[in-house]
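First chain written, first letter: the chains are A, B, C and D, and each begins at residue 1.
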Amino acid sequence: MSDFGKTISRRSLLKTGAATGLVLATPTIFTSQSWAQSAFLNDPAKSGKLVLGFNVPQTGPYADEGADELRAYMLAVEHLNGEGDGGMLNTFSSKALQGTGILGNKVQYVTGDTQTKSDAARASAKSMIEKDGAIMITGGSSSGVAVAVQALCQEAGVIFMAGLTHSNDTTGKDKRANGFRHFFNSYMSGAALAPVLKNAYGDDRKAYHLTADYNWGYTTEEAIKSATEDMGWETVETVKTPLAATDFSAYITPVLQSDADVLVLNHYGGNMVNSLTNAVQFGLRDRIVNGKNFEIVVPLYSRLMAKGAGANVKGIFGSTNWHWSLSDEGSKAFVKSFGTKYGFPPSQAAHTTYVQTLLYADAVERAKSFNPCAVVEALEDYEFDGLGNGKTLYRGADHQCFKDVLVVRGKENPSSEFDLLEIVEITPVGQVTYDPNHPQFAGGALGTCNPGA
Amino acid sequence: MEILKVEGVNKSFGGLKALNEVNLSIEEGNVHAIIGPNGAGKSTLLNCFVGKLTPDTGSVTFMGKNLIGIKPHEINQAGVSRVFQTPEIFSDLSILDNVIIPTLASNDGSFSFNAWNGVQKRGEILDKAESILEDIGLAEKKDVLAASLSRGDKRRLELAMCLVQDPKLVLLDEPTAGMSRADTNNTIDLLKRIGERGITKIVIEHDMHVVFSLANKVSVLAQGTVIAEGKPEDIKGDPRVQEAYLGGAHI
Amino acid sequence: MVGLMDAIFLQILNGLDKGSAYALIALGLTLIFGTLGVVNFAHGALFMLGAFCAVTLNGILSLSYTTIDPSRTDFLGKPLKVQTPYVEAWFGPEIGATIIQWSVPLSILFAIPIMVAVGLIMERGLIKHFYKRPHADQILVTFGLAIVLQEIIKYFFGANPIPTPAPPAFAGSFDFGAWLGFAPGSIIYPYWRLVYFAFAIGIIGVVFAFLRYTTFGMVVRAGMADRETVGFLGINIDRRFTIMFAIAAVVAGLAGVMYAPINSPNYHMGMDFLVLSFVVVVVGGMGSLAGAVLAGFLLGILESFASMAQVVALLPGINQIIIYLVAIIVLLTRPRGLMGRKGVMED
Amino acid sequence: MLGLNKKDTSLFLIVVGMTMFAPFILNPFPETSQLAQFNAGYPDLMQRFVIFGIFAIGFNLLFGLTGYLSFGHAAFLGVGSYAGVWMMKLLTMDVIPAIFMSMVVAGLFSILVGYVSLRRSGIYFSILTLAFAQMSFSLAYSVLTPITNGETGLQLALDDPRILGVSQVDGSIPPASIFGIAMRDSWDLTLGGWSFTFNAGYYLCAVIMILAFYVSVRIFRSPFGLMLKAVKSNQQRMNYTGLNSKPYTFAAFVISGMYAGLAGGLMVAMDPLAGAERMQWTASGEVVLMTILGGAGTLFGPVLGAGFIKYFENIFSKINDNILYQWFSGLPESVADALVFVIHPFIGKGWHLTLGIVFMLVVIFLPGGIMEGLRRISAFVKKRFSSSPSSNGAVPSAKAAE
C-alpha cells in the first residue's frame, strides 16, 4: 500500500481543494465520497461486500456470446467461493486462491447489458460502479465497447478485465492503466496464421480483403495484410463493407472478376456468417484461379459464429484464442466443470472471461489489497500457467497477455454440433510477440493507475 | 370603386376546361354573388383568387395588386379572407384560440417570433378576439374545443375568424350549404349585420333564397364562362340563366 | 481482367436479387397501408417469422432420437450420444436426409397457414383497433409488437444466425458467362438466388393478377382509392381488408422463407429490413403497389452499384448511404415518390 | 409567477421540487432491503433521466406542437456530443464551452436538415429526417472515423492539447468540471438504512433541465407556440389566415434541434465519450417513444416518458435469476423455482420483451400516454372524494389536453 501513498495523498489533496467549501457548509452526516479516508473507490472493507460487475451483451446480435460469458462468470464465482469442482483453480500455477472468496470476502456479482453499444455499455458499467459498488468490471463482446468501458473504468478508478476484444487498439492506442486484456489480438492472428497459410497455400498468392468498416476491421486487415505480405503474398484489393450489410453479394461478385486466389474475410459475428455463406454460395471455393484452388480465410473464428455459417466453414482457416478440444490440464478442467454444469462445451468468450475473473482474484490475493493500483502492480509482468494457453505473460508495458495462439480449420466431419473446428497448429507465444512500440500499436499511453479516490 | 378585377382567366385540368375567359369586376362595398350549376367552375374561380390555384392565363388584381403567383398567406395579408365550403377551423384548439390566431396574424404579420411572452400579455388582441366572439354569440363557449361545435357554429366561428382580421374582401364558399332553414336564416342575418361594416363580399351560392336576400350584384357562371351579370332581380328573369340551370347544364 | 460490362451485369443481378426482398416486403407494407391505412412497423417481423418457419420445419424434420455409441466419446469423455432423425428412421437414411435437405421449399406449404393465422390474429386482435388512431400510435403499437415477436423468437432460437441451407440440387452457380458466349466462369450466379428472383417475380405477378382480375381484388382496389364510397355500396370492405392483411403477411412470410438459405436467419433480420423497406415504400410513393415494386428493384440495383470498388473510390462511404441519399433526392424532386398519389399520408 | 399563469406555476414548482429532491424520491428503499434493486437514485441514471428529459422536451416542441414527426432527431444529439467532446479535447475540461458548442453545432446542423426536410410534410418529412440521421450514423461509424473515432466513439486522450486547460494530471485525464467542481464529485447522506447521493453533475443537469422546461412552458403559452399548434391543427386554414407556416415549423425544428444538442452536450459533460450509435434510427425512435409514451403535446409528459424508458433500460436489464432467488428466499424452493421460471423471460436479457409489452399496453389502453393515465387517476380520485357531483365533465376543454 505504501507504494501508492504518494499518488493517493496527492489526489486527495486535489479533491479536497475542490470540495472543502461545500463540505464545511454541510452537516456532519454528509461524507464526501471523493475524499473519505478510504484510499480507493468501492472498498469492500468499507461497504462490507465484494461486488464484481459482469457487463455483457444480453440483447442484440452478440447476445448468445454474452450469455456464454455470463455462464463462465457464474462458474468462476462458484469456484472462487469454493463451490463446485474448483475448475481451473486446481491447475492454475498460482496457488493464492483457496476457494474462500477473495481476501476472505465472498464474491458477489451484478450483471448488466452492454447492448453492444458504447453508450449503453458505459451506462451499465457506471450503474454497477455507482449503485452496486462494483470494484471490478469485466466483459464485453466487441472492441468498441471494450475500449469505451476501459476508458470509463480508468476515469472512475476501478479495474477493467476485458472480455472478447480482438482489435489492436484495446492494448494499443487506446490502452489504459486500469484495463487488462487476456484475449489475443489482430496482430497475433496475422502472425499465427501467416506461416500456416504459407504451408497450406504457398507463398505466391493474391489476396482480396473484405473488411468490416469499423475500427476492429481496420486493425485486422492491417495485421493480416502485413503478415501475409511479409511472406510473399500480394494484396490485390481491400474493400470495406458496411457494418449494416446483410447481403454481401455485391462485394463478393467483384472478387470473381479479380485475379485474386484468396479471399480474406475480416468480418466477425453476423457479418462473418453472412459474408462466408455468400462467398460459398457464389462458388468461390470451387474456383481455380492462376492454376490454384481458390481459398477463403477468416482471421478471427468463433465457434458460436461458425455454427451460424453451418457447413460453409469446412476447411476454412482462421485463428482463435482458445478451443475446448485443447488437451492441456487447465483446458480439460475448465471444459469439465463448464460442461458438467451447462451440458455443452464453453466458447472462447466463456474461456477468456473465466480466466480474467480468476486472474483478477489472484492478483488481489497476491497484492493482499483490492486497491486497483495494487492489483495493477500485481498483474503487470506477471507470468502464469495452467489456464489453457500454456505459459502466459501479462505484459506490463501494455497490459496485453502473451500466450500461444490457435490456428484452426473448419472440420470436415463434425461429430457433434460443437465439434466444428479442429486445431491445426498451436502457434508458440514467441512467434506472436511484438514490441510494445510496434507500429500497429503506436500512439496512446497507459497513464497511471487510478484508484478512484 | 373596383376592388377585385378578373380579366381573361383560363384554367384547364388535363383536357377539361374549367374556366374559360372569365372576366369579373367586383365593386367595393358590394355583396357580389356568383351562382351557377354544379361544375360551372365557381370554386375553381374562388381558388384562383386566394392562391390555391394559378390560372393558365389571365390576370386577377386586388386593389391594383396582382394576385397571381402570390402565396395564400400573402393574399390574406393583403386583405382577402376566405370561408370554406366545409368549415376549416383549428378543431383541436379552443374557440378563443381559433380567433386569437387570425387576430395575431393581422397584427403581427405572416411570421413573428413571439416565443417568450404569453398571449395573455396582449390585452388588445384578447379584447378584439373576445368581442368578435360576443358578436357571433360564442363568447360563453370560448374555452371549449372547436371540434365539439355544431356544424352551424363551426361555420359562424370560421366567419368570425375572417372578420376579426378586418379584411377588405371576404370570399364565402356556400356559407349555408347543408344547413337547416332556421340555421340558414340565422346565417343570413349574421351576414347582413356584417354587411353593415362595409366589407366587400363575394358569395358563391346554390340557394337562390340566400342569394336574393344578400346580394346586390350577381354573376352567373356556366361551363367556366360568365354568361350573365346584373342585379338580382334582373338575373332572376334572364333566359340564359334559366337555360343554364334547367336545360343546358349537363346533369 | 474481365471487362466492366461483366461487372455491371453481375451487379444488376445482385441488385435484382436484393431488390426482390425489398420489393416483396414493400409490397406487403403498401398493401396494408393502402387498404387499411395502417403504418405497420411489425412488417419486418413478419418477414422474420417466415424465415423462422423454415428454421422450425427444418427443426421438426430433424427431430431425433438418441442412441449411445460407446465406441466414441463426447467432449466430456462420456460415451457419445448419436442423434438420428426420425424421418431417417422411418423412410430410410437417404430419403430421410433428402426430406430434411428440402425443408426450405417444403416450408412454403408450412408457412402459408401459419402466416395466414398470424395475419388474421394480428389484424383482428390488434390492428383493427387502430384504424382511426393517429399514425404515431400505429407506429408505436406495431413497433411494440415487432419487439415482442422478435424477443419471443430470440427466447426460443437464440441470437445467433441459424444456418438453413437450400436443397443440394440448388447448390452451385449458373454460368452466365458460358451461356452468353463469354469466358466460362466470368459471370456466375448461384442457382438459389436465381430461384429467389423468379419466386419474387412470381409472387408479385400473382398479387397483381389477383388485384386486377378478381372481383375481390377490384373491390379492394376501389377501397384503396376511396374507402367511403365502397362502403356506401354496401360491400363489407372491412372483411376484405382483413383478408388483404393476411395476404400481405403471407407475402412477407414467403419472402422470409425463401430468403433463409441466402442469409442464415437471425431474430433481428426483420428490423434490419424494416427501415429500408419503409424507405422503399416512400420512394415508390405511399399507396402505390407498382411504385413499391419499382422502388424495391431500383434501390436494390443502385445499392449494388454503389458497392463497386470503382464507385467507392470516387465517393468514399457512398455504399453506406446510397439508399438514403436516393430517398432524399427522389423526395425533393418528386414530392410523392416515384408513383405516389396526392394527399396520401401528408398530414 | 415568472410570467406563468397559476396552473403552470404550480406545475413548474412540482417539476423543480421533483428534480431537486430526486436523490430522495428515486431511492425509496433502504440500501440493505431486497427492493434496493429498484432504487434509481445513483448519479448516472439520475443524469440520464434529466438529460433525456431535455431531449424529449425539445422533441415535443416540434412533434407535440406542430405534429411533424422527425425520425432523425438523434442525429442532432449525436452531432452535439461530438462537438462537446472536441471542445473538451481541444479547449478545456470546463463543461460550459462544450455545452455551448454542442447547442451551436446541433443548431447549425438542424438548420441544414430542417431546410431540406421541411419542404415535405407527413411521412415524407419523417423519411427525409430518417435518411439524414442514418447517413450521419453510417458515415460517423465508418469513413468519418478520423473525426468521430467510429465504432469506439470519440473519447478523451492523455495527449489532447486542451489549450486553456491541462492535458493530463499525474497521468490521468482531468475530470470534466464547472468552475473547478468536478462533475463526478458526489456527497453521500446516510439516514438509517437509507443512503442518498448528491452528485454535482446531476445538479448541473437538473438546473439546466428546469431552465429548459421553463423555456418550453413559455414557448407553449406564447403566440409562437399557438401558431405551432395551428400548424398541427390545420395548416390550410393557417395559410388562408395570413400566416406563413414554413418559418414557424422551421423555427420549431431548429429550437428542437438545439435542445437535442444541449442534451448531447450534457451527456458528454457527464461522461466524455460520444458514440456513433446515439445517432442510429433506433435512438431517434427512442425519443419518439418517450414522447408518445409520456404524452405528446403535454408539457411534462415527455419527461415522464424519458424517465420511464431509461428506468427500464437500466434497472430491469440488471435483474438476474440470482437476484430473483434472493427475493424469493423466504418461499419454499419449488415455489421460488416456479416463480423464477415464470419471471425469467421478462428480466435481464428479456427487458426488451417487457418494454415491448408495456409499449403495446400503454398505446392500447392509454392513447394519451402516461399523462392521460395520471389524468384518469386524478379524475377518478376527484369523482370519488369530491362532495359535489362533477359538473363540467361533459364539456371537452381545450386546456384539458395540457
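Please note the rule applied: a contact is a pair of C-beta atoms (placed from the backbone, for glycine too) under 8 Å apart; a residue touches a chain by one contact, two chains touch by 3 or more.
A quick note: this is a predicted structure, and the numbers were derived from the prediction, not measured.
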Problem set entry | Centre-most chain, if every chain is reduced to its averaged C-alpha atoms | D
Exercise. Looking at CA centres, what chain is most distant from chain A?
Worked result: B
Exercise. Counting contact pairs per chain pair, which pair wins?
Worked result: A-D
Exercise. With chain centres defined as C-alpha means, what is the inter-centre distance between chain C and chain D in Å?
Worked result: 35
For this session: Between chain B and chain D, tell me the centre distance in angstrom, where each centre is the average of that chain's C-alpha atoms.
Result: 46
Problem set entry | chain B and chain C: spacing of chain centres that average the CA atoms, whole Å | 52
Seminar exercise, completed: Multi-chain touching residues of chain A, meaning two or more other chains, are 63, 67, 213, 240, 242, 244
Exercise. Residues of chain D touching 2+ other chains?
Worked result: 138, 141-143, 352
For this session: Using the contact rule from the top, write out all pairs of chains that touch.
Result: A-C, A-D, B-D, C-D
Exercise. Can you name the residues of chain B that touch chain D in the complex?
Worked result: 50, 71-74, 76-77, 81-82, 88-94, 97, 100-102, 104-106, 108-120, 122, 143-145, 147-148, 161, 165
Exercise. Which residues, counting only chain A, touch chain D once they are in their complex?
Worked result: 7, 10-11, 14-15, 18-19, 22-23, 26, 29-34, 58-59, 63, 66-67, 74, 109-113, 117-120, 122-124, 126-127, 130-131, 142-144, 147-148, 151-152, 154-156, 169, 174, 177, 213-216, 218, 240, 242-244, 444-448, 450
Exercise. So in the complex, which bits of chain A are touching chain C?
Worked result: 60-64, 67, 213, 237, 239-242, 244, 246-247, 249-251, 253-254, 256-259, 270, 273-274, 277-278, 281-283, 286-287, 304-305, 307-312, 324-325, 335-336, 339-340, 344-345, 415-416, 418-419
For this session: Under the touch definition given earlier, write down the residues of chain D that touch chain C in their complex.
Result: 63, 67, 69, 116, 119-124, 127-128, 130-132, 134-135, 138-139, 141-144, 235, 281, 285, 288-289, 292-293, 296, 345, 350, 352-353, 355-360, 363-364, 367
Exercise. In the complex of these two chains, what residues of chain C are touching chain A?
Worked result: 1-2, 6-7, 10-11, 13-15, 17-18, 21, 72, 74-76, 80, 154, 158-163, 165, 172-173, 185-190, 192-193, 262-264, 266, 268-269, 272, 303-304, 307-309, 312, 319-320
